Structures are given as structure tokens and as C-alpha cells.
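This is the structure I want to talk about, given as C-alpha cells.
Labels run A, B, C and D following the written order; every chain starts at residue 1.
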Amino acid sequence: MWFQTSCDLAFDVIEPTPFVLMLRPRSGPQQWLAREEYRLVPSVPVSEFTDVYGNLCQRLIAPPGHFSVHTAAEVMISDRVERAPGAPFVQVQDLPDEVLSYLLPSRYCESDRFYNMATEITAGQLLGYDQVSAIEDWLRNRIKYLPGSSNYPASAIEVNNRQSGVCRDLSHLGIALCRSMSIPARMVVGYLYELEPMDMHAWFEAYVGGRWYTFDATQAGLRNGYIVIGYGRDAADVAVYNQFGLPVTITSQDIQVQRIDAQS
Amino acid sequence: MWFQTSCDLAFDVIEPTPFVLMLRPRSGPQQWLAREEYRLVPSVPVSEFTDVYGNLCQRLIAPPGHFSVHTAAEVMISDRVERAPGAPFVQVQDLPDEVLSYLLPSRYCESDRFYNMATEITAGQLLGYDQVSAIEDWLRNRIKYLPGSSNYPASAIEVNNRQSGVCRDLSHLGIALCRSMSIPARMVVGYLYELEPMDMHAWFEAYVGGRWYTFDATQAGLRNGYIVIGYGRDAADVAVYNQFGLPVTITSQDIQVQRIDAQS
Amino acid sequence: MWFQTSCDLAFDVIEPTPFVLMLRPRSGPQQWLAREEYRLVPSVPVSEFTDVYGNLCQRLIAPPGHFSVHTAAEVMISDRVERAPGAPFVQVQDLPDEVLSYLLPSRYCESDRFYNMATEITAGQLLGYDQVSAIEDWLRNRIKYLPGSSNYPASAIEVNNRQSGVCRDLSHLGIALCRSMSIPARMVVGYLYELEPMDMHAWFEAYVGGRWYTFDATQAGLRNGYIVIGYGRDAADVAVYNQFGLPVTITSQDIQVQRIDAQS
Amino acid sequence: MWFQTSCDLAFDVIEPTPFVLMLRPRSGPQQWLAREEYRLVPSVPVSEFTDVYGNLCQRLIAPPGHFSVHTAAEVMISDRVERAPGAPFVQVQDLPDEVLSYLLPSRYCESDRFYNMATEITAGQLLGYDQVSAIEDWLRNRIKYLPGSSNYPASAIEVNNRQSGVCRDLSHLGIALCRSMSIPARMVVGYLYELEPMDMHAWFEAYVGGRWYTFDATQAGLRNGYIVIGYGRDAADVAVYNQFGLPVTITSQDIQVQRIDAQS
């Protein structure tokens, strides 16, 4: 399946402002970038680096005035998101080294505080994929998904207290619950085709049965159309943009995902 | 200056238990490992990997029964810990790529919530090293250092609420305050010569004037004798040991740091 | 300065054939990728990884029949290639760790055999940039540049024997001469605007005065328009494509570099 | 099985001389470093880094006069070196990304020139492990192993011409033959228990059946007691020491490997 994605951001900037952006999807096991575009107005020098999670990050200094960022991509993804009911829990001693850090608590996923709750939610489930499915279902049924309701990430504890959140927040709680039972889990930020309302999206992945699987409590069921921009431990690692210094005003944000028949 | 360090841990283990240990100091710009020892009783297979911060981590499965870990090292460190009053703040755009992640909030350093407090504490200071010194002084004077008072890491918010903590906790608050003002800061775990009472220690480093500098609010003033075991964003990244599964009992823990005249 | 580059390759493939391609330029200190395209006909799954030099490599299996690869990019580079006559030799002990491997001999740069020759060529020069300039001049004057004359890389020894070669071969000899005097040197493959005849190009970089500088003995003088695709120790590391198994026939290769006024 | 290894090197140095040493074995899948020692006389500052192959390298400046390096280790290795007759060839498309670079030709392994010869030597063998075994046998029978006969590495072409070489040289030819048939192969330097005469040793590994296996044409048959110091593409990558500037004189070199009953 081929998709055309785009993200247009516009800012009002007061003083020269350093930005770190994460807006360039990478080709990887699950997707292939066939075309890509990254335009800045006004044009300023940019440098790019790879962070510890393998994401491409763009650094620049936005000049005072109107500043806009346009990115677009043509991406091929596989025809369906894989599910694997019954996929077994991987013993900690058998996890690949690079997966271990996704067992640790992080800024917005206080997994050290959720063991009892996770045990209750997953009672009676087969260890592994089915536990994560139970968590995803529980989130879907119990935590109210309120897209656009918040600009600041809420941590798993906060989400659990207020019983509602945006996609990012639900993911935080899902991740914290998984990690509390020694299931590695990570945050994913990206695009989702036919997301309503259209926006940047966040979901989570859990490592069971020897690989990462996609989970998303904000949708009625797991469907296709996930395009990854970045991975991290939680929202702190995968901000689409971080700016430093005096706050800038974001004046518009437009996200598009279209299905295309084949590579144009 | 040469030091001999050792760490002896003993556990009672109920079932085969996966551990990830971080007990092998590395040679680096600030220290040279001339001798090193790592003994497990009973002896079990171990594999070692390097985490994303560059720390060496040892993975093993502890068998049921008594299990003990002995590590020791002879380390050369430079004759004094460097201070640099006046060293300037580094603009975010001039930070090395690999330092940027130390600006982000992390599990126990909710730096996104401390900007106002940090501004007050550092009012009137030159930007950079002197701001961090002011934070260190403030911690030393306001937060009661209670070694051995807690087994669980407290986050910066929690430490600030309870106004006391162990070395790790004070560091969390120091790090959160630095990062809130766009000064990269990281947690360090290791040994400190003549620490009272002797134990594993934690302190923090801040990146100003183009390099990392050592800060420690638990001591009356900055002195020598810091030997690094690991770096990370906060205590979640630099646990001396992480165990998974049924909790084990730690039956003894003995830490030693001795000055030696020269390499034996 | 903005450029539009493209590379079109077409193959006749007999059996399913694994390829590793290196055709995706990366954004970095010297260039910014604003638009990029990568099209395969027929479309096949591709995975991408980063090699030890930081290059992006694409892996795929070409199906039997006609197979073509089209890549294109819009790239901004700085307005002129920097020269630095007088830039000093960097003592080995002061080289960054990651530069050290560019001192070692490699497949096509037998630097362990060129010390005497390099000493003669650079006699009387200031240590550093001027030595490399002398090597570049010597290559320009003594080794006949015969574009298109060869399909197989020639090693420095071979080039020196036959006194002629393609761009890649001259670079091998230049690199070997530099390394023999403890000046780190590396191969670069990419595009050069107004190269005659137009083709993929190869040149070399030497590390003096604390950074990498561009050298190219195939051109009358150093001019602008270098767009980097990959870095390596020599041609073995930076093949635009490597295929494995039964040899495929390359039926056409078309390279284009156009100047564009600004980002379209 | 536990071993005690040591390496003592002594040099006469004329002027301050930069060294890069590779004398610190690492714990990994095949071995565990339980004790380790690294002593320099006179003591000088050392910094350590990890190269692209994962080896630990020590950088220092040797002062004029006598300079000596003593390293020692206690290492546990598994009880026997694994063999796997019949282990299958791994198709290039199925190789892990990080293994691919071991298919390329390198300084002393001109694998691009050995395809026909490799085909003859391995005629009739099952693809994979058995091909490498046939190469190892061929080397053992045809290339005279002359320990101590040379100080300079010979490339595969040179070894094949002179039909003799030291351990390093035989490995170069073995590696080149493997790679010419798309079997990844790498150089290993380290210790071998009961090597006659005792010295640093070099052997090679080939990647078949999904992992690396040990091969050594210098011994009558594959036996136990291999302790790894470093991996690389060939001898250029794994020199126990590289020195730069005026040549130093090595005045003594003493290597020891002893079996010990258990960790002392």
C-alpha cells in the first residue's frame, strides 16, 4: 500500500530560536520511503543527526518572523498490520540487548508504580501478546480518548487519575502497564491514514514473541495505515519539534495522509 | 591519584532470576582502569553489552540460593576535580548532537515543571557554570541530605515536596533544575573516596563551557575522589543492579574505597 | 547553491539477485537534502540500514528481467569548497577517535608501502594541508586521468604502476600517499556539477587543521559543486551498488546534475 | 574452562610516540573477563575508545626511554569450540546488516580475485560450513605454516604466491577465499592455549548457519583454548599495537596462557 503524507507547520518567532525537529521518516523493516521533501521558509541551514533510538533529527535556528516547515513523503507499507494472539512473553534473559532499555521507567511512563494494576487487568491471560491486548482493550474501554484536548503530555499516573487523554497519553499508560510486567514497550509517533480528526498520531509497540507489535487503544480495532516517524521511550523522546528559548507561537498545523494507487 | 574500589553484594534468590548489573567502570577521559575483577559465586555465564550511554552492562541469571557478586578495581583519576566558575552557558544550537538528549525530561527529572523555580534560584548569576553552582548551593542548604533513608528513587517533584533525600534524590532535583534552563545535565553513579557513611554514591554533571563538570550537593564542598561507574539521564538508567521476576533479598552490601600509593 | 541530481540505472537480471545499493545522500554538515526520490521498477521490498561510516545502504532482491533504479535529489550545498593552505598537520595523539581508522591501509590504498614516495613528493612543504596539496598536484601532473577507462577499481600500487586511472583510482593513490605520512584520508563518492563527461564521481578528503578538506586531482583546480553520497576507506566501502550471485548486466546508466535557482 | 593470559611488551622509544594498543579482551558471548590488569611503566595517561568493530583501543604517548606494557586477564570460555558440519550457507539477503561488511575485500584479503580458486577448492562440498572446512583443510595441507617467519602482514595474493606464512597470513588467504564465495569472514586476534611456540595468535571466523564459527588452519585440528582480543576485516584492523612517528624498537615480547582450575 502506498501513501502520501504531509505535515505543514507555521510559527511566529520572536527571537532567533533553536529547534530540534523529528519530521523525516526513515526506511526500515516496516516501511520504504520512495519520495520525500523537506522545505523551510525562509530557507535556513539545517544539520541532521541520528539519535540513540535511530531517529533522524533536524537542527536549525528559526529566524524572527514567520517561519514554516513543510515535509511530505511517499511511503510504502505492508498491506496489513500484523497481530499475533498467543505470541509468547519473552523472558528477560532472552531479550536482545537493545530492547532492555524499553523495560525501564521513563518520564511519562512510571512503570515502577503499575505492577498491581497491570496484574489485575491481565488476569487470566496467556503471558505475552494476549496480556498486551487485554491492556489495549482496557484502555479503549476505560480511558476516554479526547483528541485535541491537551497540549502537554500527561504521564501514566496522571492519565490514570483523570481517566482521559489524547493518543499520546493513552499510550503512556499502556506502555507503563506493559513494562511493569517486564514486557518491553515503546512509543511511536507518526501518521495514521483516516485518523479522525486528522493530526499527528501516537501509538505504542510491545515486544512479544521475538518482535515488536503495534497497539493502539484510540481506534475501535487494529487497522492498517500506520506510518512511523519516530520511536522512543515516551513523548519526551519523540516530540515532532522541540524549541528552546522564548516560546514561539504555532500559527497553523496541517497534517495530510492520502492513499495513492502506486508510486507516482 | 590511585584508588582501590570494591563492591560486594549478596542476595538470597528464590527462583532463577535475570539480572542486569552495571558494576564495571570504564576507562575514559577522566579515569584509567589498571586492574579490575568481577567474581560471581556461584559462577554463572555472563554476557556483557554496552548501553546507549556507553556503560558496560552485565546480564546473567542468578540461581536459587545464596548468590554473591564481588567487583574490585584499581583506578587512576586526575589529581583534582575541575571547577570552572564563569564557564559560559552553551547555546542549544552549539551543543554537540549527543548532548541534546540530556536536555529532555526523564523519569525522575521532570524538568518541564521547574523553569520558574530554577529562574528564582539562579537570579543574578552569570549564565552557565555559576547558575549550576547556585543550584548546587541551594540544594546543599535547603534539601536535607539523609543518606540511607530510602530504597526507592524519588523524582525531582517528590524530593522538592519532601525537602530531603539520598544522594540520588538530590541529584534528580539538581538535574531537573539545570535542564529546565536548557543546561544539559546527567546522573552519575560511582564511588566517592571518604564518603560518610561509605556506600555507592550518585552525583550529577552539567554541560557548560564546552564540557561536562562535576557537581555534588551532598558534600560540603567539591573535593576529589570521584570514580565513575555509569552515566544516564537519571536513576532509572544507572541502577547498579536491576532484577526481574520475584523480588530477591539483598542480604549484604559492602562498598570500599581506599587510596593506594601507586599501582600495585 | 541548489542542485538537482539524478541517477538512473538499468539492469538485466537472470536470477533473483541480492543488491546492496548506496544511492541515498544524507543531510550533514556540508549539505542539506530538501527533496529526494527513490524508485524501483518493478517495485520490490527494500530495507535500509546505516553502515559503520554512516552511509545509508539499501538492500533488496532484484527479480529476473529488466530492473531499474531511479534516484533523484534536491540538495543545498555551501557556496564554495573550502581550502586552507597552511592548515597544520594534526598529531596522531590529537586526532579524534573516530578519525583514527582512516590512517590504516585498506583494500585499494596500500599506504604501508608509500612512505618513501610520499616523502619525496611533499619535500619542502609545510606539514598538513600543503602536503596534501602537493600530492594532489603531483597526481594531476603525473597520473593520466582517463575517465571511463576501467570498470574495476585499481589499487594505489596498480595505479602507480600504470600511471593512469579513473577518478576512483587517482583517489586511491592520493589516499595511500596521505596515510603513509599519518594524515587521515578517506574516499568520497558522489556527484560533481559540470563533470566532463558526466558520471558518478569519486574524490578524497584529508583531515588536517582539525577537519576534513576536499581534494580532487581530476579537475584543473578545486571548484564547487560536490554532492556527497558516501564516505569510506576506499572504493570497496562505497560502491554505488554491490550485487551478489550470478553477474547482472548493466544496460544503462544515466547521471544528471543540474543547477536550480532555489528549492522548487 | 578458566585461563590466565598475559602479554608483556617492552620498547625502546626515541621520541614521544603515539601508540594505539588493542590489548584488552572484552566480555562477550564467548568469553567472560573475570579479572584484568593493564600496567604501563612508566605510567602515562591513557584514553580508551571502542572502534567500529567493538574492540577496546587504548591511546597513549610513550615517553622516550624504556617503555613497557603488561596486560593480564582471567577468562572463562566455554568448554569446547563449536563445529557445525552441514551448517548451511546464508543467502546474502538474509545476512544481518552488520555482517555485510565482512563480505567486502580489505587490505590484506583481496577477495575480488579469488572466486575461481575458491570454487575449485570447495567443489563438491555442501554450501556453507563444509565449504569453509574444505578451505581450512586446503590451507593446512598446501600453505606452509611458518610461525615467526615474518613481521609484516602478507596479503592473500602474496601468501598464495609464496605458499607459506604466519598464522595471520594463512587467515588472510582463508578469509579472501570465503568472501569470494559470499561467505562473510573476519580476522580474530587473541591467545591460544598451548600454541607452539607461544605467541599472539590469529585465526578466522566465517558466518554460516546464522552465526560465526572458528577456523584455524595452523593447528592439526580444531581444539579448545581460543581467547579473543579483537575482531576486524584483516590484520590492518587488529594490530595489537600501532605506533606512529619514528619507529620504536621492541626489545621483548612475552606471551603466556595458563590453564587455571577455577577463578582464583
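FYI, a residue touches a chain if its C-beta (ideal position, glycine included) is under 8 Å from a C-beta of that chain, and two chains touch if they have at least 3 such contacts.
Since the model is a prediction, treat every value here as computed from it, not as a measurement.
Each step here moves to a touching chain, and the least such steps from chain A to chain C number 1. Counting the residue numbers that touch the partner chain, chain A and chain B have more than half of them in common. Distances between chain centres, each the mean of the C-alpha atoms, put A farthest from chain D.
Chain centres here are Cα averages; for chain B and chain C they lie 44 Å apart. Centres computed as Cα averages put chain C at a distance of 30 Å from chain D.
Centre-to-centre separation of chain B and chain D, using mean CA positions: 37 Å.
For chain A, the set of residues touching two or more other chains is empty. Inter-chain contacts occur between A-B, A-C, B-D, C-D.
Residues of chain A touching chain B in their complex: 18, 20, 49, 51-52, 57, 59, 61, 91-93, 97, 100-101, 103-107, 109-110, 112, 152, 182, 236-237, 242, 244-245.
On the chain D side of its complex with chain B, the touching residues are 26-29, 32-39, 43, 45-48, 50, 56, 58, 76, 262-263.
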